[in-house]
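Both complexes below contain chain A, partnered by chain B and then by chain C.
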Partner chain A sequence: MTLTQKAELAEVRADSLTVTGPAGDIVRGLSFSIPLGATLGIVGESGSGKSLTARAVSGLLPAGLHATGTVAIAGTDVTLPGSAATWQRLRGRGVTLLLQDPFTSLSPTHRCGDQIAWTLRAGLRAGLRAGLRAGLRAGLRAGARGSVRTMAARGTGDRGTGRPSRAEIRDQVALHLEEVNLPAAVARRYPGELSGGMRQRVAIAAALAASPRLLIADEPTTALDASNQKDVLDLLARLQAEHRMALILISHDLGLIRGYTDEVLVMYAGRVVEEGPTVVLGKPVHPYTAGLLASDPPMDRRLERLIVIPGRVPEPGHRPPGCAFADRCSMASEDCRTAEPPLERVADGRAVACFNSHIPIAVPDPAVVTERWQRDDSPAPILHVERLVKIFAGRPALSGVSIDVGDGESVGIVGESGSGKTTLARCVAGLEKHDSGEIVFRGTMLTSDNRTASQIQVVFQDPYSALNPKMRVGAALAEALRTAPVNQRGSVGDLLDMVGLPQAFARRYPAELSGGERQRVAIARSLAPVPELLICDESVSALDVSVQAQILNLLSDLRQELGLSLMFISHDLAVVRQISDAIYVINSGRVVEAGLTRDVLHAPAQDYTKRLVTAVTR
Partner chain B sequence: MSADLLTPAIAAAPGVRVRRRPVTLVACLAILGAALFAVLFGHLLFPNATQVNVLASQLPPGSPGHLLGTDQLGRDIVALSVAGAASTLIGPLVVAGGSMLVGTFFGLLAGFRQGKTDFLLSRVTDLLLALPVVLLGLVVAGIFGASYWWTTVLLIVVFTPYDIRIVRSGVIEQVTKPYVEAARMLRLSSWRIMFRHLLVNLWPLERTNFLLNYANAIIAMSALSFLGVGVQEGTANWGRQLIDGEQILFSNPAASIAPAVLIIVVACAVNLLADALNADDRKAVRP
Partner chain C sequence: MAPLTDVMDSADLAPPVRATSTAGAIARLIAWRVVGAIVLLAVISVLVFLLTYISPGNIIKNITGIRPVSPRIVAALRAQYGLNQSLVMQYLHWLGRFLEGNWGRSIEDQTSVSQLFSERVGVTLLLCGLAFAAAVLVSVPLGVIAAVRVGGVLDRLISVSSVIGLSAPSFAVGLILLYVFCYYLPIFPSSGAGQGLADTVYHLILPAATLAIGVGAYIVRLTRTAMVRELQSDYVSFARARGIGTRRILATALRNGIIPVITTMGLVLSFMVGSTILVETTFTLPGLGMLLQSSVEYKDFAVVQFLTLFFAAIIVLVTLAVDLSYLALSPEWRWQLRK
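Right after this comes the complex of A and B.
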């Protein structure tokens, strides 16, 4: 074996990877190489092509999409798209894909242990085949020397070790669970009985059971709480070092994964716009990278306005000529709109696709708000919740929560998933009936019959299911407007204007909108009845950081314009810092700490709050 | 986020769908088109199909002028089969349509209101499901006489509980989605949420169920006709042909085989059409 061959075996490579869909190229000419034991981050907004890259490299593209190019994983070359048999052989031991949502990536009707055992067995079978082939080859060589017995002995020998007993599998599963810091008893549990963080660990254990050379983690922490995010990323980093595998970490949040990668590849509209060692990318050269970094909200201060990348990623088939980012770029010149900048190597191992890469980027330094807000101690807050109790199937979700939201105030409710914060929001909104306690709105106790649409509205988390897919935006808004008091009734155009969408969107269906645009429509709909209190239930946590910043800015604008009071439910402390004057920290259905946002986040008094604050990775 | 990513690629080209088996779809549509033609114009093509002609009774298949022969009353099997399409296929259409309307209404009500309404409707549904169809058919025929439309009404009653259950479970799946909760937050009326928001999103379910019910109703009605409950003696009807053909199974087997094959072919075509439409829907849905 020559030296170059050895080098090839020790890395994962992709060359001129292209994914084509019905409307044209979705990913174009992507190349990378990762040595075993190193991590590559792929970063970009939704629609940039990062997830399809992951799927192309693992042979899992959805029907209708076609991949070309070559992929080399630890010595096996695949010319894409690659045959089903090739991928069958390669998946598991060669490459494994870890998906975003641990709630849907595990089978709900099988025990966790069984699901780990599947990969384990598949890996052993693949190993057995490889072993047999090696045995045959050795046997043939031996056969040339005249001994057929060696061949037979080799063959059966391998088969003998290839079929482990039940007990052996059980021990192996326990070992794999131990590796991800889970007790062996989890093997007998169903995914539904575990928390999100635990499920993602089971998924990781299953992914690693066949010892892949390349693990692709597609947004592995997006569905998780901040505290779990850090744990899962730390776990992945540790396992990667132990298994000496190549890791591709895909995320929309550059700030989040920056600490866990060796190299980063920034994708926009299907192309690489900037790549290089992670340390180098801390000072971005491409305006898009700079925008991604800057739109991450800080937790230590509150900004007047968050920095945003305006607009949205163009869809395949609708990409402008020239640089696809030009329309959203503050530095774009005429050249950018006519010719596409090539990806060129510059200093420090960095490559960048920008005509203006020689011009240093002036990242605007946004004004920091001095939080002078004092809680309104007036006797009549807009919302007063007194000792609220809600019990689900004998288990208390809220055990006596009391909160106040002052007139025009923005109050954050923070806690991990399962803490009861969403139940609180749903009770206040009237979507759940509380078991005891009081909800007083402007001096009137709210029951299930005396509510009106113009008191409280909710903006939900998932913009994809929050709009009726069969209803045009205009019709949905018009319907909501009819619930407003007659003298305050606006028009669909006003509403679209208010949330920064063009009038033409009234004729669109939700499927024709991006996630951020849908969330704007959902906000517009909730504002139609002119509510006094807006509840945002994790309203930005399903969005890309760049879009999240846009929506947060929109919400604070609307607050000022309309004098709205806000109840902002979130697990993301940095987001809450940007939008809330005061916060309540909730754990196990109880308020554990409350106060001004600044005070609580700077000097948390309770252990639970301290844990939440230190878990923030950025 | 990974799922959202796939949207643009598919949303951008709604017309481009990978059809693996358009042959099935075309064949189904051709069969149903021919059936529709027979329903609409069968009586014009063969105005004398049901006329008794004892002189030509029980001719075997291949007789001159009678491709599939005649039955014991001398009626031409081809003519009778074409003329029989109308009575065989219209009744089931009414059954499937009627049970869809009634089932949708009560299914929506049960799934959306839940609580007491749901309990009451579900128990009535259970009761109806427990009734034996054939026995019920014979009893109804005994009381009201063997009438075509009474049989249709009976089948609507028998089919509705299944529709209620299916629509109810579809509603229960939709009702916790944020778009329905947003409608609740707007204090929209229950009727508006049910018929303006939920119903449109149940359409794929309704359509599939309608087609499957139609195929089942064709068979159920033919079966009742075979028992002599559905249609009057002497009427052109595939189920009726089966019972009449049974008596001359050996002298002219085509008298039984022709209507049997027609029932099977049309029922299969409807089922396969439902399948094909469903598969198209699944592809159109974003992954």
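Right after this comes the complex of A and C.
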């Protein structure tokens, strides 16, 4: 074996990877190499092509998309797209793709242990076959005779020679669960019985059961709470070192994964715009990278306005000539709109695709807001919730929660999933009936009979499922407007204007909008009945950081313009810092700490709050 | 995307719920269903009684035929069959005898309902069983194949044939089968139920095929839709992404996708029981369907009442079996049950 062969065995490589769809190239000319034991981060907004890159490298592109280029995984070369048989052989032991949503990536009707065992068995079978092939080759070369069985045994080494017994599989499953810090009893559980963080651990155990050389984790923490995010990332980092595998971490949040990667690749509209060692990317050269980093909200201060990257990622087939980012770039010059900047290596080991890479980026320094020193002691808050109790299936989701929202105030409700914060929002909004306690709105106790649309409205988390896909935006807004008091009824145009969307959007269907645009429509819809209190239930958590900043700015503006009161529910402390004057920290259905946002986040008094604050990775 | 559920998440590692509570819950479910079924059957019996009463025709005319009879004989017959009593009394008399196990006598051929029933129930049950087994065993795999090859030639072939099977009425299918396999290619008998099990099965092949084609086509389409959806789901992608073999993946997807199909299988079985009337008539099979048809025409009340209740009870049982199969197939339903 030559030295170069050895080097190839110890790395994962992709060369001029291109993914083509019906509308044109989606990913163009992507190349990277990762030594085993190292981590590559791929960062970009939705629509940048990062997920399709992951799918192409694991041979899992959806029908209708076509990949070209080559991929080499620990010595196995694949000329893309690669045959089904090639990928079937390579997946599991060569490459495994971990998906974003632990709530859907495991089969709901099979026990967790069985699902880990499937990977184990598939890996053993593939190992046996590979061993057989290697054994046959060796046998033919040496001219040796021997039964197929002994050759298989020789080829597979200590990876097991025959069919493992049930007990052996059970022990192996327990070991894999232990590796992800889960008790062996989880093997008997169905995914639906576990929390999101635990499910993602089970998924990681299942992904690693066949010991892949390359693990691709596509937004592995986006569906999780801040405290789980850090745990899962730490876990991945530990396992990567222990298994000496290559890891690709895909995320829209550069700030989040920065501490976990050796190299980072920043993608925009299907191309790499900047790449290099993670340490140097802290000082971005490409304006897009700078924008991504800057739109991450800080937790230690409240900014007057969050920095945003205006606009949206152009779709394949609609990309402008020249630099695809030019339309959103503050530094764009004439050159940028005519020619496409090549990816060129610059100093300190990074490569940038920008004509202006020699010009230092003017990092905007947004003004810091001096937060209020105390809450208004106005005699009548707009919302007063007194000892609210809600019981689900004999288990209390809320056990006596009391909160106040002052007129025009923005109040954050913070807690992990399962804390009861969403249940609180749903009870206040009248979507669930509380078991005891009071909800008083403007001095009137709310029951199921005396609610009107112009009191309280909700903006939900997922803008993809919150809008009727068969209804044009204009029709959806018009429908919502009919619930408004006649004398205050605006028009569809006013609503679109209010949320910063062009009038032409009234004719569009939700499928034609990006995630951020959909969330704007959802906000416009909840503003239609002119509510006094807007509940935002994790309304920005499903969005990219860049879009999240846009929506947070929009909510701040609306608050000022309309005098809205806000109840902002989130697991993300940094986001809450930017939008809320006061916060309530909720755990197991109880308020554990309350106060001004600044005070609580700077000097948390309770252990639970301290834990939440330290879990924030940035 | 942050977790969408809030409540479920708090399910930490609570100790597994003991099997006894699940068994208890299932027993409660069954008990409630039995109560429901009794109420349902009572309502049906009243409705059937009223329908027989208001439907056109006259039972005395059916007995005496067209020759003229004296009013004395008519009065005697009315007294014999209790027709001179009030409607309520007639029903209560029937009910009392029925609950004692005396199911009455057919007016038409003067044999007891229990004898008529036991002579004919075998053919009908065997017919339904064969047809259902054939429909399920052929249709589910066809649906899976179509879903795996979605958009391909095989998928289109299967989809088009299922539309044809779905739209063809069963008596027409029966007649076509009769022509092809009894007349042009005389492989199968055209009528009768045969002697002994093997011969009966042989006689039942064409009728069962007739019944199976329509409902089978329906199951194909449902299985295909369910499987196409499951095969696009994340857990299938993740299973493929970790090198799990095709057979295991299909089994997993089928396990998740089969639940809506099973609901339909319940409906299908109920529908099939109704269709036996047409099919038994087409193939002149001495089964319950033909018996029901002739006794409705004859206003043979005791027989109609008994058969209707029998079919209703079968449908109730099938529905219960479907619900219990949910519990076996879906852990989430088991959790629901415990709540």
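Everything below uses one rule, namely that the second predicted complex is superposed on the first by the 599 of 618 C-alpha atoms of A that agree within 3 Å, B and C clash if a C-alpha of one lies under 4 Å from a C-alpha of the other, contacts with A are read in each partner's own complex, and residues count from 1 in each chain.
Note that in this section a contact is a pair of C-beta atoms (placed from the backbone, for glycine too) under 8 Å apart; a residue touches a chain by one contact, two chains touch by 3 or more.
The structure displayed is predicted, hence computed values, not measured ones.
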Task: chain C versus chain B on the shared chain A, clash or fit after superposition - done: clash
- [ ] Kindly classify A:511 by the partners it touches after superposition: chain B alone (first), chain C alone (second), both, or neither?
- [x] first
TODO: Scan A:397 for contacts with chain B and chain C and give back first, second, both or neither.
DONE: second
Task: Contacts of A:123 with chain B and chain C, given as first, second, both or neither - done: second
TODO: Kindly classify A:462 by the partners it touches after superposition: chain B alone (first), chain C alone (second), both, or neither?
DONE: both
TODO: Give one of first, second, both or neither to describe whether A:222 is in contact with chain B, with chain C, with both, or with none.
DONE: both
Open item on the list: Is A:423 touching anything from chain B or chain C once the two structures are fitted on A? First, second, both or neither.
Closed with: second
Open item on the list: Looking at A:47 after the superposition, I want to know if it touches chain B, chain C, both of them or none. Which is it: first, second, both, neither?
Closed with: first
Open item on the list: Contact-wise, after the overlay, does A:99 reach chain B, chain C, both or neither (first, second, both, neither)?
Closed with: both
Open item on the list: So chain A touches chain B in one structure and chain C in the other; where do those two contact lists coincide?
Closed with: 63, 99-100, 222, 461-462, 542
Open item on the list: Show me the residue ranges of chain A that touch chain B in the complex, using the header's touch definition.
Closed with: 21-23, 26, 46-52, 54, 62-65, 99-100, 218-219, 222, 250, 252, 315-318, 429-431, 451-453, 456-458, 460-462, 464-471, 479-480, 483, 511-512, 515, 522, 525-526, 528-529, 542, 544
Task: Footprint of chain A on chain B - complex, ascending - done: 1-2, 4-13, 16-18, 177-179, 181-188, 196-197, 200-201, 203, 283, 286-287
Task: Of chain A, residues touching chain C in the complex - done: 58, 60, 63, 88, 90-93, 96-101, 103-110, 118-119, 122-123, 125-126, 183, 185-186, 188-190, 192-196, 203, 206-207, 209-210, 212, 222-225, 392-395, 397, 417-423, 461-462, 538, 541-542, 571, 588
- [ ] Write out the stretch or stretches of chain C touching chain A in their complex.
- [x] 1-13, 16, 151, 233-235, 237-246, 248, 252, 255-256, 329-332, 335, 339
